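I have a structure here, written as structure tokens, and I will follow up with some questions on it.
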Amino acid sequence: MGAVIKAQNISTSYRTGFGLKEISFEIEEGSFVCITGPNGGGKSTLAKVLNGLVPLEGGSLEVCGLDVSDVHNLPEIRKNLGLVFQNPDNQIVSVIVEEDVAFGPCNLGLPLDEVKKRTARALEMVGMTEYAASAVSSLSGGQKQLVCLAGILAFRPKIMVLDEITSMIDPVERNKILQIIKGLVEEQGITVLLISHRFSECLAADRLLYIENGSLVADGNPRQVLSAALNEDEGRKSNA
Amino acid sequence: MRDVTFGRYYPSRGPLHETSASLKLLFFALYIVSIFISKTYTGLAVCTAFLLICIFISRVPLGRVLRSFRSIIIIALVSSVIVYLTHPQDGALAAVVLFVRLISAVCVSALLTLTTTPSEIADGLEKSLSFLRFIHVPVRDIALSVSITLHFVPVLQEEAEKIYCAQKARGASFSGSLSHKASTVVAVLVPLFSSAFRRAGELADSMESRCYDYACERTAFHESRFTSYDVLAGLLFAAYFLFTICVRLMPWQ
Amino acid sequence: MAVRFSNVSYIYSRGTPFEKKALSDISFEAEKGDFVCICGKTGSGKTTLIKLVNDLLRPFSGEVSLDGRSGLLFQFPEDQLFAPTVIEDVMYGPLNLGRNKDQAREGAEKALLCVGLGPELYDRNPFTLSGGQKRLAALAGVLAMKPSVLVLDEPTAGLDFRSSRSLMALLHRLNTDGVTIIMVTHEMELAQEHAKQILVLDKGRLVLSGSAGDVFSQRNRTVIEKAGLELPEPGSSL
């Protein structure tokens, strides 16, 4: 198993927040990595850079061996690295669940029976098969996020980047989503990058990246990274 | 939790749901033409009867359809009264014609969006307008924009209510002086527009990352085979339309 | 007694086929200077409840009594900013209350100072602020009206750990200064840490009430889980 993401000194300046300042890291295939840090610090920018939504201004970034800076690689990269955002209402394009999940495969121009097969399989992976013909408006927030996850799983991606997907979700549904994510890592071998503020989610991961002011300030065991961050906070408060 | 009919699909398996979307779009357009052709009580009665039959067989609860013109009924009544009072000759007929046309138009639009998902409408539009591709009209993008607009109308409506609530809690209201009302309108519209733009940006990012611009023929999720439903629907609608034209051309009434 | 709900019920879309009972027979009291947390999942009636405090809605039955003025901060309040400058937005509330421009300006500046936003931001366009600053500006807009009861709906939603901590510290300061706080949240850890009184809502009914120690005991686990919530984790803040 090799590295599916290789970032070397990547930089970008984004209109709000700090952008990214020469960040380097590698992500191994099949790993569950959490990314955390203060708001505006660059986490969402990193997610968008990985998917090619925001251009790189410096350094090199490879996703599944493909250079992100080469525009011709983007379609292939996006098939392999899926992105899910915070607000499900701003991602779902269709009124019926299975239509939305099929959006991705339809965009690829796959034959209809292949589209239907992938859609069914994706809904099965998130436990939403019985809702395939339901109206999206009848779903809860957590269920809508599962539909968004299914929409990405229909691509059969190697990597999924999840940007604070449980921010707007109730506690019980949040846990369900976390269990499903863990299942995707353990059973399907999908590499997951989970951007989150929640301790429970940070601690569920194998590795934690702490991004602040555009820089990668810590990278390692979640518990250790979080303790160090908290101690620094205390220290800063007592010095202030 | 607001119940808004416009833009909200009602899942069911009635004859209207089963008819193919491109045909429904065609019928929709022709129905609008038919209510504008009809200028007599008889003609309007025919149009209204046809609409009521459609609503009845649609398997959509009547309440849902009726809610669709809840917001327009005041405007329709006021306009009709104005026409009645100001019309030089037959004010009553003119008023009734206006009222029925407005309500029917809104009703039939609601019926369309209740029985056809925005995605089906998009696919249907794409099929019907595909000949325009030869003159480089971006048919696929237009069709998807229409579908997404329909999808977001209730979402933005809920958001507007939420913003209005928040501003009301700060003393905004639609009563009082004109300048106060104006500032309330601004206090709701500015955040609403800003939110709409932000949503559009997020949606665009999401669609792009889902390979929307993969630059090839998009698979249509809905097969557009014409079924016996479509043939039957076509015949019935053609009969209705011809009958409307006949009523218009008849010298009686 | 700052806020009292006596047997309050609320029904949406009354008399239509879409009728929905959002709240059934809710009774509770908050003393002046109290810090109440209302816990419930989406659809439990918590948003309806806070609208009733603020008179945005009138109860179908029962009575809501409020001593003084209430200020309401909805979820993601940064979405409601609209004025060309921060100071004008914060002045909106006091102006609507009938204050003149000078009084409103003074009140706005005090409120901005209270939330920690300095004079350099007064003339900035609110849309150019960071997410956290926007939220504080929205809070200032409510505080400028000098409410005696402050009602907040998930004030820490979407905030990172540090900002969340500092916002809760601010609420504590306000509470110490005599503002009664009613906070709706599904973050049980926050409720446990800050609330003097906790109310748990499940499908429009008040199923538990009391202090944190009373409500978050193991014997209530089933009720809390049925309400779609969880007991706060013991080691949750490292």
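Labels for the chains are A, B and C, by order of writing; each one numbers its residues from 1.
Keep this in mind: contacts are C-beta pairs under 8 Å (C-beta built on N, C-alpha and C of every residue); 3 or more make two chains touch, one makes a residue touch a chain.
Model, not experiment: these values are computed from the prediction.
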What chains touch chain B and also chain C? A
Of all chains present, which has the mean Cα position farthest from that of chain A? B
Centre to centre, by mean C-alpha position, how many angstrom separate chain B and chain C? 38
So the centre of each chain is just the mean of its C-alpha atoms; given that, what is the distance between chain A and chain C in Å? 31
Can you give the whole-Å distance between the Cα centres of chain A and chain B? 37
So, in the complex, the side of chain C touching chain B is made of residues 12-13, 16-18, 20, 51, 54, 56, 71-72, 74, 77, 79-82, 92-93, 95-97, 127, 141-142, 145
Touching chain A in the complex, chain B uses residues 8-11, 117-119, 144, 147-148, 151, 154-155, 199, 202-203, 205-212, 214-221, 223
Chain C partner, complex, touching residues on chain A are 16-17, 37-40, 86, 140-141, 164, 167-168, 170-172, 175, 197, 199-200, 223, 226-227, 230, 233
Mind pulling up the chain A residues that touch chain B in the complex? 48, 51, 53, 75, 78-79, 82-83, 85, 87, 89-91, 93-96, 99, 102-112, 115, 133-135, 137, 151-152, 155
Residues of chain B touching chain C in their complex? 1, 3, 61, 63, 159, 162-163, 165-172, 180, 183, 186-187, 190-191, 194-195
